[in-house]
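Inspection log for the structure reproduced underneath, given as structure tokens.
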Amino acid sequence: MKPKDTSVRYLLSSSPHAHASVSVTRLMLDVILALLPTTAAGIAFFGWPALWTVLTCVVSAVATEALCRRAMGREQTVGDLSAVLTGLLLALNLPAGLPLWMAAAGSVFAIAIAKQVFGGLGMNPFNPALAARAFLLISFTGPMTTWLKPFWWRSPEAMTTATPLATQEFPGFADLFLGIMPGCIGEVSALALLVGAAYLLVRRVITWHIPVAFLATCAACALVLGGAPVHVQLLSGGIVLGACFMATDYVTSPASAKGKLIFGCGCGLLCMLIRRFGAYPEGCSFAILIMNAFAPLISRWTKPKPFGAK
Amino acid sequence: MKTVTSPFRFKGGVHPDYNKELARDLPIETLSCPAELVVSLSQHLGAPATCLVKPGDYVVKGQVLGSRTGFISLAVHAPANGIVKAVEPRLTASGGQSPAVVLDTTAPAPEGVDPTERVLAPLDWQTAPREDLLRRIEEAGICGMGGAGFPTCVKLNPPPGKRCEFLIVNGAECEPYLCADHRVMIERADRIRTGVEIMRRVLGDPAVRIAVEANKPEAIAALERAFADIAGDVEIVVLPVLYPQGSEKHQIYATVGRVVPEPPALPIDVGCVVENVGTVAAIADAVEKGKILLSRVTTVSGDAVATPKNVEAPIGTSYADLIAFCGGTKGTPAKMISGGTMMGFAVATDRIPTTKTTSGLLLLSERRVFRYSSQACINCGRCLRACPMNLDVAEIGKAVESDDMAEAESLHVMSCIECGACSFSCPAYRPLTQHCRRAKGTIRARLAAARAAVASAKATT
Amino acid sequence: MLIAIAVIAGIGFVGALALAIADRYLAVKEDPRIGLVSAALPGANCGGCGFPGCDGYARALVAGKAPNGACAAGGAAVATEIARILGLEAASVTRRVALVKCCGSRSETIRVGDYNGLCDCGLAAATAGGDKGCRYGCLGYGACANVCPQHAISITDGLAKVEKRLCIGCGKCVSACPRRLIELVPADATIHVLCNNPVRGPEVRKVCGTGCLGCHLCERNAGGPAAGHFTFSGFLAKVNYENPPTDEQLAAKCPAKCISVDPHWESAE
Amino acid sequence: MSYYLMILVGAVLVNNFVLSRFLGCCPFLGVSKRTETALGMSGAVVFVMTVAAAVTWCVDRWLLQPNGLGYVHTLAFILVIAALVQFIDIAMKRFLPALHAALGIFLPLITTNCAVLGAAEINCKQGSGFFESVFFSFSAALGFGFALLVFSGLREKLAHANPPACFRGVAVALVAGGLLSLAFMGFSGLVKLPY
């Protein structure tokens, strides 16, 4: 029989006993908040289809994660909002008019294949949203490359068109910056994206290394390889969205500052190469995916030197 | 003597909320001798003292209870008069048990025993030879009071061929909640000055740097008054408020800009000796007044203590007595910590005695406590930026989680100083410090086994 | 058609010729006995012999740098086989198994705290001594189970238990346990004292329901101190495995119920 | 000159032997557990494929074509490659024992490796010149090594992942390999190449 328990029960844990009270859920919430202006701009420009695409992607992402975790018999991780973020990021990378079942299929692929198969958050080698976008782009090239014109309901006859990069005729700087041009939901409004990115930098959720390296290399390549004027190249084709939100995904990019710089430059270089020579008009998501594959090697070669080591 | 701000800033470090205002301005109060004292025989780094007393003996304050065994060890003295009730293993703050002498201080002194305190003959530090000063520091049982407890007589006696160019007095006290050193600097600045003079004579007149964090202006003022007219190269270096500024390697870098190489290198290899302000004051008492180290200042604080205090209590006082002296608990404490919140030990019971290295006792309520949930690492790099030793902590954590100690060793885990900055800043609440501790323990055990195998192989051939 | 067959045969022949020449002039000498010895070893690579796997032990044996019979997993059979190959005289190996000397599961002992940290006994012991009341008993966080190559140790209700049939006596769990609770005892011993706490009885009773009280009843029932079946350190009884007690009734007569009877069985071979 | 650069970029990035043509997948999965062994294996494959290309080209152009035996070239190539790999295995054991210890079991794997035979077949089908086909095999082997190196980085990251029980080991590696080839599809069309 067990003796009577008299002692007070304290919490026993290893040092340290203080914490910076930042949590994974808080980080994901910050990124979602940073994406709200871009989502609002996308819905404002492209109307109801954009809203349905965003809702479909987020709901099916969360549902898929819940189902996968139950199937794997593991504790539910829907609470850490990473599935919501992946759904939202995927939606922002899709054209507004995409049939909803394709968007849902993309979300299922993103969560089930690109993330949960490897064991959940933190273990996926590739950015789930971008892997799903590549999957959709190759499976349904047609619907993925027809974009709604902004405010299409004003001139219903010419609803769909190609992006400026494809048609090579470019709107003025104001429209470019504000985002009054065809393209995916999240990649058009550079202003909204930069506001979101500034919020993340201030909240120290991301560091400047990847976005700056990415955009600088893109600008340099645009000058060297020619093609459209530099500012147009930078502001179109999802480079700002890719640099500030997709490439800075913690899990699939190196953790050290030096590693981040190399990763950013690599993304920029590949993006411009694919755009200039490749078959796809827009190379940003493939560039980041390929650099995700290099991330483990980069962090292996940019190991920090311990304080006092030779 | 001049006051400078530190020109060097090491990479990494974190800013926990310091909560020093709870006990910063409270003067040191003395706890009179409690009914029972438990004097641990291994209060210092190195071999425990060999016990010289048996149950039933009557001992007088200052009398030797356990003598020094081996080079890195120290004698242990009776903190008060009393009868030895028992010599048995007793709980220690770090979770294990170590042999201790239990004294009942209420017992009357039998006749024929002189109950006055045993005091050593005072020495004049200006003229006494270096060896006498060193032996006095050893006889007084003085060890590092910052937390490690390294015998000071060994640290102040560098091996031949190694010269001490800088004596660094560690007044950083970067641990949250703790104000013991802060109060010692304010109220006993003159003793610190004498202690520095003594140590300069022992170490062959090195340059002196007194390191104090910028959040202790009163301490800096008090030290400036005490050291106003001191001769020689003495500087007060004001350090930026950053945890872990008090770590030996980082204090050396912050004050003199030298980098201590990886283990097994020691600070003396770069010509520096770092000593805690409490220890320096104790050296002054030992030489000038012949007083043995029998009590120390401990901060009892936290939001679950009725009235936080800085208490000077005899060594061996139980935590329960300390808490009672501070008016008992307030609300229901969720966690009791011996030391500060960053490097202190969580303890399960208040029947644990204080030792020469107990710098603090904290009682935290449920609001101030968090739980490790060890979620998956999202590779955010916060622990990399936080680590003052610039280690790749995320990879070490993953390697240790999949039992790959060889990879952990190749990631330099043996350089980890277990300061806790990584677990502090991890958003996934991963116990990274515990991972590093486990890796270091396993690697040390393997190295010890290898040494034993080599020794036994040499013995058999 | 014939030319095709001739050409193919020609290519094959030229290739074979080149290989034959290379095989003779570029061969690398290696002691054949290493192959034989590593074939005789069980190949579990458990490291119980102290060498990196069976191949490492085989090379050391052939080079004469390792004692024969160090392979606990193989036991006597392997030792005699290696002795035959290397022409040594075979060392005798009595079969030993691991025994966890504690029976204080969570339902028998008081809890002194809520442990919140990694599931490892060494770390739990270093965090205020773990959350179980007894400072000498099993912490139940499975450091021994994690290190056992044969998965012979299971943790139930915070207490480790060794499955005697699976244990090969490699001793890895002995060094893994931070409280040194596990001892290698002869496989055929049946009576065991499952406690490690040398403190006085009333103190033990405060923390554990089945701890040894040091009452010496087991010694008296087994023929008194002269019979030499038990030795005592502090208030803790220890079985003397050179001359072990065999009376199965000792377990029933022990007031603390911390003596266990293991059924006597012949090991596999 | 730019023609050879196009062959190189074509073979390494655009039509990578493993990631686009799906040739040589068994060593790709078997050897990529650690980056060191991956590098060693790539070195061996580059050497073997280049030498094999040269030898097979000679056999095809001087022995089979003149006698009108084009149809037996696959069988002849397999014989040549098998003998060649065995010879390299013995030579490596004699001169580079350390590397041989690390790659011991994988060398015979190269014999049955479809990448080596694949390169020889493509050269034969294209009917390209000696130097051009050797260079193509060399760049194809470089592509194989490049993919192997990148994949070994991924595998070491996956070593710390904890996939569900049924996906542990090679299964999750295959999924990662699939995603890697999905990513490499981005390079398609980078270079306008005949093959």
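Brief remarks follow.
Chains: A, B, C and D, in written order; residue numbering restarts at 1 for each.
Convention: a residue touches a chain if its C-beta (ideal position, glycine included) is under 8 Å from a C-beta of that chain, and two chains touch if they have at least 3 such contacts.
The shown structure was predicted, so the numbers you read here are calculated from the model rather than taken from an experiment.
Graph distance from subunit B to subunit D, where chains that touch are one step apart, equals 1. Rounded to a whole number, the gap between the C-alpha centres of subunit A and subunit B is 48 angstrom. Subunit B and subunit C, compared by their mean Cα positions, are separated by 40 Å. Averaged C-alpha coordinates put the centre of subunit A at 52 Å from the centre of subunit C. Touching two or more other chains at once are residues 7, 10-14, 119, 123 of subunit A. For subunit C, residues touching at least two other chains, in rising order: 112-113, 116-118, 123, 126-128, 130-131.
Touching of two or more other chains is recorded for residues 345-349, 371-372, 431, 434, 437 of subunit B. Taken chain by chain, the contacts link every pair, so each chain touches all the others. Interface residues of subunit D, counted against subunit C in their complex, comprise 59, 63-64, 67, 69, 72, 75-76, 79-80, 82-84, 86-87, 90-91, 93-94, 97. Those residues of subunit B whose C-beta lies close enough to touch subunit C in the complex are 91, 94-97, 345-349, 371-372, 374, 403, 431, 434-435, 437-438, 441, 445, 449, 453. Every residue of subunit A that touches subunit C in the complex is listed here, in rising order: 1-7, 9-14. Residues 107-118, 123, 126-128, 130-131, 133, 205-209 of subunit C are the ones that touch subunit A when the two sit in their complex.
Those residues of subunit B whose C-beta lies close enough to touch subunit D in the complex are 398-399, 401-402.
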